[in-house]
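The following blocks contain the structures, represented as structure tokens.
Look for chain A in each of the two complexes below; its partner is chain B in the first and chain C in the second.
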Partner chain A sequence: MSAAAAALLRVRDLTVDFRTDEGWVRAVEEVGFDLRPGRTLGLVGESGSGKSVSTRALVRLLPASARIAPGSSMRFRLRSGEEMEIAALSPRDRRLRRLRGGEIALIFQEPMAAFSPVYTIGHQMCEALFAHPEAVGGRLSRAEARERAVEMLARVGIANPALRFDQYPFELSGGMRQRAMIALALITRPQLLIADEPTTALDVTLQAQILDLMQELRAEFGMAMIFITHDMAVIAQIADEVAVMYLGRIVESGPAREVLRRPKHPYTQALLRALPRPEAGRRRLVPVPGDIPSPRERPAGCPFHPRCAHRLPGRCDRALPPVVEVGDGHRVACVLFAEEGGR
Partner chain B sequence: MSAPLVEVEGLAVRFPVHSRGLFRRRVGQIHAVDGVDLRLERGETVGLVGESGSGKTTLGRAILRAVPVSEGRIRFHLEEGEVDVLALAGERLRRFRRHMQLVFQDPYASLDPRMTVRDIIAEPLEALGLAASRAEVDERVREIAQRCRINVEYLRRFPHAFSGGQRQRIGIARALVCNPEFLVLDEPVSALDVSIQADILNLLMDLQDSFGTTYLFITHDLAVVGQIARRVAVMYLGRIVELAPTEELFQRPLHPYTRALFSAIPSLEPGRSERLVLAGEVPDPAHPPSGCRFHTRCPFARPRCREEPPELRALAPDHLVACHFAEELAP
Partner chain C sequence: MLRFILQRAIGMVVTMFFVSIMVFVIMELPPGDYADRYAFRKFSGTGVVVTEEDIESIRKQFGLDRPAWERYLTWIWGIVTRFDFGPSFAFETSVTDVIGERVGLTLVLLVATLLLTYLLSIPIGIYAAVRRQSLADYGLTVVSYLGLAIPNFMLALILLYIGVTYFDTTVGGLFSPEFEKAPWSWAKFRDLLAHLFVPAVVLAWSATALQLQTVRATMSDELHKPYVDAARARGLGEAKVILKYPARLAINPVVSTIGFDINRIFSELPIVALVLGLPELGELLLRSFLDLDMYVAGAILLMLTFVIVFMNFVSDIVLALLDPRIRLEGG
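Then we have the complex of A and B:
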């Protein structure tokens, strides 16, 4: 079987625009990647680079002002083996409900966003089970659902799960809420988990606990994961593959180890240089020059050229750089590599 | 040792806990800061680290007299003499505020959207009546804006037009406009992208070199503190558990809690070696554990730890640790 045939998810030319007072603004442009079952893709980039919008497009959770441009493709292989073109569905299609929370689950930075404040944790977990009988092997009785939910709460490391089952989200501590959100997402055994900066707001100690837990569960359940973060060090811990986004485009992608060791794109290199290292010693850091641009003022040519130290005048500001394969699965969108055919 | 600028002794801040319901009875206390001693020397940066809820913000705000202090002493040694900060009240306290200022974490929430950048920066000067005329205020605002690398063309604009990094520069200019000797920086780069963080940290270091300001730098990010601080204090449940020069702390963390904080940092090299993973979360500060407050999570805890609170004591000349078994446990 070829790698492409084995893919759980194939995204091609995904483009998302927003209608605003100043006209259409492009948030995501021609994004493409493959995700195989059981693998983790890390999506990294500055705020506003399009990480959340591109993954929300995958479950069609975009606001009404958003439009997925014609030509975008997101092909997902369902448990049944059937392929589904997510881009072709209408936002009200009933099949989307089966997809969301059943085959594809989401977790967020703020756990309160995943829960309703007016129902208990347990009630919400049971509702997820009832809503997705196809994912959990048929209709469950109340007692069966409760048993599964309590089991899952225990599995994510919540002490006294039977008590927590009957509590409301606000009654849990921050760390417990994060765990409960993961339990709610995984109760239906999704094939794909999208994690949108789930550890960004946490202390390092909690972050380490949650990352360890997610690694374990991913391996145990054999699900694939898209992990969004702006922290390269988190990518190093959790991702098999990485895609670096800048102004809505993927500028570099490939095996995480390879991209972190030998970053090629000037933006990836600058991001890694700017990262403060956990070492002592007062020294100047190397910021990425300039500010994060707004998608309203998308530069012509290479989106990074106004901040790039290597830009070639007359080239980088005119045409989009081609995507060049510089190593096994390691792709870079930069003219420096088109010149040399990789280095 | 050179003369300290700020000297904190036995500082405690307790918040009352009330019952829910109609008659809000006082049912207990949170010991947010519990007996902290800290000296900050002139022109140095002391980093303050610890998990959420450990009392960092409360300690910083207590020194600034922004939360009520329950016990202890705070002294400033200024050129014009020693000041007992807790003895100040009313007009004298208001006038003293020019010596100490705060920079907030959130550059989005902390700037009033209805004020121009000029008015935001000028506010402390005007509120404290430190400038004789509007022209003088304008001049000072332009000067500090330039030092903080804010384009003076932007002074008439409103903050919503600015990116996170630019807003944080505005927050810093506002804190520095009345030339304070002491600045509390509460997570000043935590809300910013990495690419912008480096720029703000560089700016803070440059400003300190020019003005000699003393910084108390609060963060939960050890990498950031390693970059900017001369000394680091580690807090747990209201107490300082370790205090050492930055290099020393990074090379030889002695408190089990500090070691756990270090091993939790994700590293760019995957598959890190010997990790000390902390189980559980910070206990409820309204019911702190007896003895060593860390004993419920410490992998090395012994019976004595439950009973007797460890003193903060010097293991090396500048290296203070609050752990009964620090010598034995030292790696």
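Then we have the complex of A and C:
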């Protein structure tokens, strides 16, 4: 029991800096979360909030100009049961290659761009199989690999999979490409799937289908998932837990139901108000006022205070608000709750 | 794919047809014809008075009195059926004899130059892009701009000087004196390769500099595309990721400009050949224009364009093999 409940991934104080012409810029700051096997964490935030960067750090696929700050910790439990500190790996470590694709797989926003145009779908899928003999039960022959890939294509709902195997990405429709991308990511049965806005580029009906499919496959394969999105409606549909990010920091996190029903942080509340709700009738949508500032001009104190309707002058612009537990696992970083919750 | 090749082949034939007409028009363009020239050369200074009739009979003798379309057809027919490019008036023999060995040597030089260009520019360009903004990258950029800036005749002179002073090679030519008239043998071939090296380096110099920049630029673009990260995310090793994914696309622009490279090499050839004393076609082309020896000029122009058109055909096919988007959508 305790082994199953133990976290698959524990992230603590993850901080990522980028080197720019004007010096170091902090894209992700002191991010922390736990992820248990079989659970889905939704990462929400506007563009530039550091959602993608923090997940890319998990497979160490950051641009050359990025640096994971010392003190960051990402502990991942491998299939073998062994614990691995991802932040401590050297970029050339061979274990990193086993991690990528074998333990943690990625789905990208633009399946067209994430597939190379000059190799067939099947070729790129088999590549993942050949790269991870440890994850797929030994070295496969070409015929075996093809069989598994075709099976996987069929599993994600692609009709005529044997034909699609030999086709190039541009010969598939957008929805089919995203299904193929999912098939590619899951073919090695990873323990963790990171989905970076996988439905953003799709139209709404396809979006719902893909979300259903991902949820189904997550349950079937028993893997954990980190789902990045800027869409609160998607979170409601797919996530068990949610973490709301703003300017590289997690401002609120907790069980998805709880956070969506009783959002505490003014930013989370603002995001939810910006969402259309059928039961609210003709209520006007309220956009979050202002723009997300550049990480270069990070405001002092609470990063959200310049846009916050409830800001307390003299407090919010001075120091970072403490993280307060306001419910079972529901945490919020805001001074409004500092008194009642205590810490 | 077969249909694609067939289409391109037909396109090539059609292009060559129009090119041959243009070449023929160019041959007809200069004022006067070889009959005037011939009469002038043969009789000037001899005191013989040349009349209109004399020139007319010379014209008849060379078949220059026929209408243009008839001469064109005879010319083309000879080339296509017998590989006969017509007579060379100045040398009083057939064009094929005059051009003969020079064609082979020019082609060998062209191929050697192209190989050298691609063997150098592709790997170095890829390396420079991957190590972008490193010392190696900046160094290569400087060298390649030097490559574009140094005139090739100067480079030829420098290499000749170095060759003669330090390596004791014979100056110029494609063969050492002892092999000049010798029949083909392994030793002669090796001698040719040794002599080809300097002209090939000189000719490849600027083409390499240019293509290196092209490869580097394309590679830099491709390196940051999501599919590269996606390949890394599958757990592939870095070398495999680079060579299999972005590098594969980075050579496309090189392949598609083979024709331009040939053209540039051929334009530079006469000057380099002059400095290095090479028997090649460019210099002959210049001389034949001066002599109004139009069948020789026509043959050279036709062959040059044929090589370019043919290499474009080859590059189309190679591109289609490299990139399925062309193969499957272009047809």
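What we mean here is this: the second predicted complex is superposed on the first by the 328 of 343 C-alpha atoms of A that agree within 3 Å, B and C clash if a C-alpha of one lies under 4 Å from a C-alpha of the other, contacts with A are read in each partner's own complex, and residues count from 1 in each chain.
Operating definition for what follows: contacts are C-beta pairs under 8 Å (C-beta built on N, C-alpha and C of every residue); 3 or more make two chains touch, one makes a residue touch a chain.
The shown structure was predicted, so the numbers you read here are calculated from the model rather than taken from an experiment.
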Which partner reaches more residues of chain A (counting touched residues only), chain B or chain C: B
Which superposed partner A:288 touches (first chain B, second chain C, both, neither): first
Which superposed partner A:253 touches (first chain B, second chain C, both, neither): neither
First, second, both or neither for A:207, with chain B first and chain C second: first
Which superposed partner A:174 touches (first chain B, second chain C, both, neither): first
Touched partner set for A:108, first chain B, second chain C, both or neither: second
Chain B versus chain C as contact partner of A:127, first or second or both or neither: second
Touching partner for A:274 - first (chain B), second (chain C), both, neither: first
Partner chain(s) touched by A:98 [first = chain B, second = chain C, both, neither]: second
Chain B and chain C contact sites that coincide on chain A, given as residue numbers: none
For the chain A and chain B complex, residues of the former touching the latter: 46-47, 173-176, 203-209, 211-212, 230-234, 236-237, 256-257, 260, 270-272, 274-288, 291-292
Chain A residues within the chain C interface of the complex: 59, 61, 92, 97-102, 105-106, 108, 110, 113-118, 120, 124, 127-128, 131-132, 168, 170-171, 184
Chain B residues within the chain A interface of the complex: 51-52, 163-166, 193-199, 201-202, 205, 220-224, 226-230, 246-247, 249-251, 260-270, 275, 277-279, 281
List of chain C residues in touch with chain A within their complex: 225-227, 229-238, 245, 248-249, 322-325, 328-329
